[in-house]
Amino acid sequence: MIKVGIVGGTGYTGVELLRLLAQHPEANVDVITSRSEAGQAVADMYPNLRGHYDLRFTEPDADRLAACDVVFFATPHGVAHSLAGEILDKGGRVIDLSADFRIRDPELWAKWYGQPHGAPELLKEAVYGLPEVNREKIKQARLIAAPGCYPTAVQLATIPLLEAGLVSADDIIADCKSGVSGAGRGASVGSLLCESSESMMAYAVAGHRHLPEIQQGLEEAAQSDVGLTFVPHLTPMIRGIHATVYTQLLDDAEVDLQTLFEKRYANEPFVDVMPAGSHPATRSVKGVNMCRISIHRPQNGKRVVVLSVIDNLVKGASGQAIQNMNLMFGLPEATGLNQVALMP
Amino acid sequence: MIKVGIVGGTGYTGVELLRLLAQHPEANVDVITSRSEAGQAVADMYPNLRGHYDLRFTEPDADRLAACDVVFFATPHGVAHSLAGEILDKGGRVIDLSADFRIRDPELWAKWYGQPHGAPELLKEAVYGLPEVNREKIKQARLIAAPGCYPTAVQLATIPLLEAGLVSADDIIADCKSGVSGAGRGASVGSLLCESSESMMAYAVAGHRHLPEIQQGLEEAAQSDVGLTFVPHLTPMIRGIHATVYTQLLDDAEVDLQTLFEKRYANEPFVDVMPAGSHPATRSVKGVNMCRISIHRPQNGKRVVVLSVIDNLVKGASGQAIQNMNLMFGLPEATGLNQVALMP
Amino acid sequence: MIKVGIVGGTGYTGVELLRLLAQHPEANVDVITSRSEAGQAVADMYPNLRGHYDLRFTEPDADRLAACDVVFFATPHGVAHSLAGEILDKGGRVIDLSADFRIRDPELWAKWYGQPHGAPELLKEAVYGLPEVNREKIKQARLIAAPGCYPTAVQLATIPLLEAGLVSADDIIADCKSGVSGAGRGASVGSLLCESSESMMAYAVAGHRHLPEIQQGLEEAAQSDVGLTFVPHLTPMIRGIHATVYTQLLDDAEVDLQTLFEKRYANEPFVDVMPAGSHPATRSVKGVNMCRISIHRPQNGKRVVVLSVIDNLVKGASGQAIQNMNLMFGLPEATGLNQVALMP
Amino acid sequence: MIKVGIVGGTGYTGVELLRLLAQHPEANVDVITSRSEAGQAVADMYPNLRGHYDLRFTEPDADRLAACDVVFFATPHGVAHSLAGEILDKGGRVIDLSADFRIRDPELWAKWYGQPHGAPELLKEAVYGLPEVNREKIKQARLIAAPGCYPTAVQLATIPLLEAGLVSADDIIADCKSGVSGAGRGASVGSLLCESSESMMAYAVAGHRHLPEIQQGLEEAAQSDVGLTFVPHLTPMIRGIHATVYTQLLDDAEVDLQTLFEKRYANEPFVDVMPAGSHPATRSVKGVNMCRISIHRPQNGKRVVVLSVIDNLVKGASGQAIQNMNLMFGLPEATGLNQVALMP
């Protein structure tokens, strides 16, 4: 059994780790930390966990955490920088669900996150935990930067086109729609039911922190610079991200896009290329570690429209983190991640 | 492996059976029937099942069904009457999720369901599948009448009080709130998002078909006649039932109600008596086979208020049906039913 | 034109006053105060008001407020106690939407609100602003205590029965379901979309602050003590209260309840007794100053079930406050309140 | 008083006409037709209209309709073709909310709507009822083709850019999100709460019927061909459309886009150009005849992103139709349309 530690387990990605790990046959949560809730039983805070956990939140302690086989960070950005290094030094392994190690350039990170990067020396070692791109590196990694939710949905929708060199890299549009859980469990007016239900709105059009992360991933796939317009929208639902990605075929492109995607993801357990003409709904992945994709070319023009849906808390966060853990520990990749989405 | 057949698998209880059975280690769905969808792949109709089932809907066929170890009926009322008998005659076993065998008196059934009972000869044999009451009988049964959703929530909230003779049996009020999935997947105007979201309303106050079923169960617990007022309400959410049950303590009652309930359900894997003072939320059981209960006595008066929540599609239907199957086949009762509720 | 002042206009009852007064032909908002938002334009905070108001929030100032013809308090409890007196002293009139003057007994108020009553000397003068009961007193009043949302829905559903002496006064149950806007615009975790949508739960079963207010009103109608069980539930929608009131007919009662209610409310512009057999939906009153009621007697037994729906922010708060204003200033009662509910 | 007739008043645009006309000081609904509901009181079908209408649905009759000053068609496509001509011949005026007269080319109409155009001779006379473009023509018109919901949102967001020749006309993307009321009141499985809430999905990516209508409008503004990619999404809410329009600035464009939009719409009562940097939410226009727009240029690149929100049933249908009526009858354009959006 893998001994798991979780730092900062009171938010939505934390409780989602607990939900998924409760059903994981090869892992056991030994430690879960929260400064604010230390002493409280996790099942008191999250009644859905009653009967599944006796665990209590504790103060974070590097030694206890390093004694785990792997430590997940489900913390706000900036927290993992120092503590992760300490754990690694003591021989632990870390999967960080925050943004702390996703951007390889510490200056770029500092610009978007408004503070200096706290552990630039770890960036070379950190592996970006998108298994569909970095599977082999993940298996060897000590430090995983688990991708953001928007970046997961957009990259999986776009990289087959860029890798194949079929579309213009300098003009990609990602129009994304996210459920409110993406905003976290913090008490903010904008996330109140009375403010966010029965309404749709864009936000952060001038620049969202996931933009440089997406761009970095797409540039790696394209092996060139990428021009990206990314517009996130707050959608009146709890879970789910729907990415609608618009790219332009290069002049001489003559290709069966459906086959391209099917081949690219043929062996991927958690990417489902839907039949041609499909429209994936976010509810089809609610609660499960899956990305469903469909590819369209309206009126047979040069515009390619790729639709991609994930559950932001699973394939966009905690499920993908566990997928990384499975790879790191030599388990079958889908261990503990084979649930069926709740429908309706 | 238990070979499972499902009759009428296109509705919400049908797809919920498929979702839960996909994760059941000891059962396998061999046949699923639907007259209207015969030939279609279940995963085309329900994309959440993609990758989990290769099955196609077929026309119902008694021989093929009887060749299964157990057949679930997820059909509208009236359908199971004839086909269930045929399957039993051929040596099969049946778990009926419809109302066809819940009411022991065929005249009463005919009155509430507006048609003659089609198989009165089977009523003696049919076991009402509420494991918390009939566990031993279920283990021996060939024909299970799985309880309705409201009846499950109300009975689990009320029977400890009636069995103990603590409350007046002639004046029980069950004010119940159900998500819209209780109305099924039929295309009706009243169940449209635009008609049922952002609104709350009572319905069928003059008399709902679950009333005689609840009454029968409560009378068995009370060993006396029961006076019941049952008011269901349509609640703007997909899943969940919240029962608020009002009873009156008998004059001389002096008892610790919290302890009473805890003892009554001490060994029940799927009834969770919450700590005193709790208010269970339906979301704490979303997608799982669990009933959470809390007991209140406002201002220490004689009124007892019991709050009870279930997922109408799981503990109120398909999960409970599988719990019955586990008992019938000698499996640990919780086999395949140990999921954690999705939160948020 | 009536010059209106509003104290504490940043919450939901404040913006609802602004919405309704924008369409009122005989009133004009001159002053709106908020300590935290002083200087901000109301239309910047509430974009739905763009084009309707040039007004900015100002610091509360008793002189400026007293110069208005009437001042609405849309403040948390405790705020109106001192400031209202000051305004009255300077010759102003006050309509308080908070709980500060609703309970006539200052000791009882102090017990439920956890602090001493700050203006007990004003309680004799304060008129409880339920026009269906106190219309004539309201016309003469200087200080109105506008009723709470639950109390409005429950009293309108119950007082015809109590006034007529038809039901047992010592055993009334009010099972109420409220939209989340009843919890206000404060940033609390429990009111987040991710916490309160797709779920139903009771709260404050041990005792909610509206209980003594309802009891006081019912006792006045009954001219006797009243035994009340009041259980509020948080319902996953923005607006609306649905009260389901259970009473017991006295032994010798033989009466046409439908006619009783129709006569009681025959001249009421804002109470709609629905046809017999109806089930009012909260959406039928969304955004409007209306209470719709239907009366049931299931299975012709002694239990009477009255269903009552209001919009908690309109007939349960701001609309009713304006109805009071109309009465106080001799305007036709429905002035500015004749909108049609949004459906769907 | 304008005597109004409504053909096909049982759907959502029909009841919305009734809601808005109930508050219109210069118009009165004389006739409302529905074959299926003839004889029924409109207030029985739509309880929000109780107290506002005594009207009953009648069978459609051309003479009675032609006796009205104006007839609104709130019918499925194809219905207005024949009946509108008859009414015009008898001297009536028609505002058609369906698609029957929106497309000027009858062949194009036939291609997208799958049936021959039934009244091509009326197309020359029909005026496309977008007041922000065709105000003067509307004033003189006998036959108005009221714009569709998506086309209204997209055109208002895009035409200032095209009229000014600032952006590339051959590559415009409109990513649109609509509430479920856009699908109408028909009983379809896809519009059930259990199917469409808590989920987001695109639909009709291969080609939606509003595409040629939008294209026609944009081409008129651009005075050139337009290349358009239009992707609609079904959003889990009742009302509202959010259009996110992506265009590309031409190389030499150097312009203040904010000022451009503010000038273009300076005198428009129902277009609100929000302050720079804003993100309009659909709830800010819920129930009102308003389009709110904001203009972004992320990272100061060449991509222009325009956000545009309307209520699909008001500015996208019934409100705009009444705006047309006001213009046709010489009334101030905002008569009866000055409500404030419900918030929250």
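Should a chain be cited, it is by its letter among A, B, C and D, assigned in written order, with residues numbered from 1 in that chain.
In this section, contacts are C-beta pairs under 8 Å (C-beta built on N, C-alpha and C of every residue); 3 or more make two chains touch, one makes a residue touch a chain.
From a predicted model like this one, the values you see are computed outputs, not experimental measurements.
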When B-D and C-D are ranked by contacting C-beta pairs, first comes C-D
Most remote chain w.r.t. Chain A, using mean C-alpha positions, is C
Between chain A and chain D, the Cα-mean centres are separated in Å by 39
CA centroids of chain B and chain D: separation to the nearest Å works out as 46
Separation of the C-alpha centres, chain C versus chain D, in whole Å, is 37
Chain C touches at least 2 other chains through residues 12, 181, 185, 194-195, 197-198, 236, 238-239, 280-281, 283, 286, 344
Among line, ring, star, complete and other, the chain touch graph is complete
Interface with chain A, chain D side, in the complex: residues 171, 173, 175, 177, 179, 194-195, 197-203, 205-207, 227, 229-231, 233, 235-240, 242, 244, 246, 248, 277, 279-283, 286, 296, 298-299, 301, 303, 305, 307, 309, 344
Note: in the complex, chain B contacts chain D through residues 12, 180-181, 185, 187-189, 191-198, 236, 238
The answer for chain A against chain B in the complex is residues 12, 15, 18-19, 22-23, 46-52, 181, 185, 198, 238-239, 272, 274, 280-281, 283-288, 290, 292, 338-344
